[in-house]
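The structure appears below as structure tokens.
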Amino acid sequence: MPLCIEDLELWYRHIAAQGVLPLTVGGDHSITYPIMKALGAQQPLGMVHIDAHCDTGGEFDQTRFHHGGPFRLAVLDGVLDPTRCIQIGIRGSSEYLWEFSKDAGMTVIHAEEVAIMGIPEIVRLARAVVGDGPTNLSFDVDGLDPVYAPGTGTPEIGGLSTREALAIFHGLKGLNVCGGDVVEVAPQYDPSTNTAQAGAQMLFEILSLMAFSPALKP
Amino acid sequence: MPLCIEDLELWYRHIAAQGVLPLTVGGDHSITYPIMKALGAQQPLGMVHIDAHCDTGGEFDQTRFHHGGPFRLAVLDGVLDPTRCIQIGIRGSSEYLWEFSKDAGMTVIHAEEVAIMGIPEIVRLARAVVGDGPTNLSFDVDGLDPVYAPGTGTPEIGGLSTREALAIFHGLKGLNVCGGDVVEVAPQYDPSTNTAQAGAQMLFEILSLMAFSPALKP
Amino acid sequence: MPLCIEDLELWYRHIAAQGVLPLTVGGDHSITYPIMKALGAQQPLGMVHIDAHCDTGGEFDQTRFHHGGPFRLAVLDGVLDPTRCIQIGIRGSSEYLWEFSKDAGMTVIHAEEVAIMGIPEIVRLARAVVGDGPTNLSFDVDGLDPVYAPGTGTPEIGGLSTREALAIFHGLKGLNVCGGDVVEVAPQYDPSTNTAQAGAQMLFEILSLMAFSPALKP
Amino acid sequence: MPLCIEDLELWYRHIAAQGVLPLTVGGDHSITYPIMKALGAQQPLGMVHIDAHCDTGGEFDQTRFHHGGPFRLAVLDGVLDPTRCIQIGIRGSSEYLWEFSKDAGMTVIHAEEVAIMGIPEIVRLARAVVGDGPTNLSFDVDGLDPVYAPGTGTPEIGGLSTREALAIFHGLKGLNVCGGDVVEVAPQYDPSTNTAQAGAQMLFEILSLMAFSPALKP
Amino acid sequence: MPLCIEDLELWYRHIAAQGVLPLTVGGDHSITYPIMKALGAQQPLGMVHIDAHCDTGGEFDQTRFHHGGPFRLAVLDGVLDPTRCIQIGIRGSSEYLWEFSKDAGMTVIHAEEVAIMGIPEIVRLARAVVGDGPTNLSFDVDGLDPVYAPGTGTPEIGGLSTREALAIFHGLKGLNVCGGDVVEVAPQYDPSTNTAQAGAQMLFEILSLMAFSPALKP
Amino acid sequence: MPLCIEDLELWYRHIAAQGVLPLTVGGDHSITYPIMKALGAQQPLGMVHIDAHCDTGGEFDQTRFHHGGPFRLAVLDGVLDPTRCIQIGIRGSSEYLWEFSKDAGMTVIHAEEVAIMGIPEIVRLARAVVGDGPTNLSFDVDGLDPVYAPGTGTPEIGGLSTREALAIFHGLKGLNVCGGDVVEVAPQYDPSTNTAQAGAQMLFEILSLMAFSPALKP
């Protein structure tokens, strides 16, 4: 395991031990695996995951610790409960990479289904999937359409609008949120400041959800 | 009162005295206050206002004449009738700044409500609120989502699409439009030309509404 | 007729004679006329056409072979059957230029009607209009809203989202597609790479439709 | 001859007849030919010309009235005296297109020679070439390096800096300037505003030179 | 005096009392006045100042505390010794605004003189002007040409290159530097990251000069 | 050794065996090592290298085959003769990384020395260093200043202008050029097209030098 993965896990164990709920700014999505190892050590986590990609892929370029595979690793390590995971905004032409998600029992909502199902139904489904247990919110900025977030490494057209993402988060009030992250923001690819502003607002939304989380000890 | 505010009021009194309907390009939103003082001198105006912010705030940085407060000033001066005002697209985390809007009786439609209510209902409500009296159309380009209008000073994600803004304007045909403005367009913040094009099209829409306004004397 | 128009027609006749289905990257929309002359020589084509403009205009700047008129020429030459044509996403203030479309019997769907009708109804209508005959898919990138495709020469606000365009194409599976093109992509006008990515994905969608076309000889 | 060329010539004849010195903003370089026909009708003009290209090419795309040939036309019409012309900043791989410049006796300074000769020598040479006769200043923004002026249609690396262009203009004080133009500014290709600002400043410089020109009747 | 000016002065008095050399990131140039009031309280400062503007203007928009006048205020308060001030890179068409600089005895080097004098002579002159006394380094990013720093509020073409600015700073090693600032960096105006990178490097250069400053107590 | 490095070496051995002079477009600078292994197998190469970095660094992130170390590897393998190497444009704050260059006997010209020495002296020195033997030309686009080439991964301010780089290449006519590459062009970081145009022109310059190389067998 790369040293940086170990370092992250150690640091988040330290944070969690203080009873603090961590809100993390990436970096790429590979950082969520060690975070989950720390936060899910006592009890496997559930997850609401907005992304263009399921990130449950296997070995690539001779490593398993890349930004396309954190959730496979977390499930295999027993710190993420796939039956309490929902992945929203999935799209692109590499569906075969994400077979693990379905095999493991995750709920996968493709981007084109978002318009068809409507946000209220997605919120209802998300709440039903994650239930009352400890839950991580993971927001990959490429879950948004590239017009909202051109500043990212693997953009895919046809994604969520910021309005849809906000509405989903607004619907999650009261969940047992124990951690959150916004990842894959790469401002240098964005000649405007839109990606950074979208990422910052999503951090604020997760922070607001944490303020209402039962996981927050008074 | 700053001299520029006085100058603007005088100039618009001059324009109005000719029976001309002014269509104004901003500049920031502070310009709408003196315009309203001129156009509403005989009879308080109603307003259809598309914006991310209510712009009914109080003193800030030791002045009341900033771009976040023109409509408070206009109401307090009696040239704007708050019960004939609708504000559409409001959002962001500074709701407390806009208490005056609700206290004074304005109708406030938040951006997230636009998707839920649907455009036909918003059009119906806007027409009901402003009625047959003289009405100003004020379009702050930050009412649009930043992907449609990155070239502005206080962008907020989650805003209207140009298609929604166009559909609202199309629904206002026949209103008693006596003035209009497009404000807060700042092309230097936009590496594309999208903001300028959106602003120009909105000017054209307001101009078209003026052509059908009963306020236009033949 | 300009030599380049003749050259294109000859080349596409050559391609078509091999039983190959051509997928073309423009260039401006004037290239579609000679392509249609080649592909429709045996039997007039139908068309699903996504664009901000009908491109059925007449002589302009002393020529008929410009990018605003290919489909008028194709109809007049008998290689395009107007009753089997649907044009989706039309908008802007130059409706008078496209009278030929309606006079000739094409089905014209304006951009503002897309939101009102809904994608399933548009798909149903498109399939009904083109029927089982040989059909060309012509995607002008300015059919998309300028936030999705700023890199084009004649942008018009209020256009389709990539999600809508994708959903329309997904609904056309099984049509008798005999050719396709993506035109008017001009990356130099786009400081991001969004236009290029949107254009590339649309090529992929048309290619996928070709793979299921009865016109593809095994 | 295209009608627009005729229109321009007529208009500039009208201006010149009033004793006004015209300062023109393009548009592409084809506009300078009809301007010269008007201004040089009484006496052939000299020219200080900053550009990446000599613009003395022949027929192209079946026309002689394009933006690569105005000075060939002007010389052939007898309104531009090639022995009183200096062209500064020429570069690129199409030297063969500009044979007319040398054959006709123009002085051509390539971009790479600017650094070697130094600005004072270039100024001295320019003044010697144009002498005391009526002189046109023609500034094609692509004479600047693309980092100073990315917003143009035919950029060539290795061009002048704005500092060099300013220093050349500053050295021309007192010349018999009878007209000037800044052409080929295309802001849509420039995600910054640098090209527009450079063009605007060059207009100001030419205007300042006109203020000291003996051609300016008091 | 605005409260923020007072606050800054108090804070920098606090810093200076600890024997710390402050290196400041702006903000606009108005911040340098209160910094100088703190750092020059014991002994008037000298200054090496790179900028497009002298910033010695008088009242504007009903205030003296704007970003075009800090050095007039500092001289009038006796905390800046004008005879120990050099201003490098000055240009633009508002020379009349900066009469105070010359009247007070500052040394002013215009941008066009930089190329003529050469960097070694400028360095020699700067060292001679400021001498051994305590000296502030003030770098306004608009001293650079807009191609190096488009992200600023009042760009002027014809400015310094980063190479020239670096060479000037490199020549100042050993000066009695007691404070430094980089101001007027506004990344939102720059679709690339060049301005931010240039500003960051200049901070590093000033920091390096501080490390060799006799003002740095061991 | 990574497989891709082996693949490249094999392919270039194949090319070289045909008597072809390869001109390569990167990709990052790590590709030059296997190219040199192929081209220098018979006789160690000399090199004219324009870059912000010497790229003679050691192990980093647990590998030696990264883009900061190809020339150390090539020297250690005996395929690059350090005494016949000149590196031009070096700058930044990581001088300690490039100790190998000086220890091995390479000639290193820092960016700030380019202005001081002048291009003719640099050309003279480059020709003297590489002599008549087989020589590789390696152009890393970050050798240019970031205003000329913002589209690259490790920009450093204070670099060469395109005019300087062109003048250096023009001075190398007749060298025994046996290969060339342009690397580290990353257009997605550049909202304009300047980086791509600069890279393309440099390829053309190297191609032109190859046309005059004695290594080109007739």
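A, B, C, D, E and F are the chain letters, set down in written order, and residue numbers restart from 1 in every chain.
Note that in this section a contact is a pair of C-beta atoms (placed from the backbone, for glycine too) under 8 Å apart; a residue touches a chain by one contact, two chains touch by 3 or more.
Predicted model only: the values in this text are computed from it and were never measured.
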Counting contact pairs by residue number and requiring over half to coincide, which of A-C, C-F or A-E is equivalent to D-E?
A-C
Could you state the distance in Å from the CA-based centre of chain B to that of chain C?
38
If you average the CA atoms of chain A and of chain F, how far apart do the two points sit, in angstrom?
42
Contacts with two or more other chains, residues of chain F listed in rising order:
147, 188-189, 191-193
So the complete set of touching chain pairs is A-B, A-C, A-E, A-F, B-C, B-D, B-E, C-D, C-F, D-E, D-F, E-F
As the complex stands, chain A meets chain C at residues 93, 111-112, 115, 145-147, 150, 155, 157-159, 189-192
Could you list, by residue number, the parts of chain F that touch chain D in their complex?
119, 147-148, 161-163, 166-167, 170, 191-194, 197-198, 201, 204
Counting only contacts in the complex, chain D reaches chain C at residues 188-189, 191
Footprint of chain F on chain C - complex, ascending:
188, 191-193
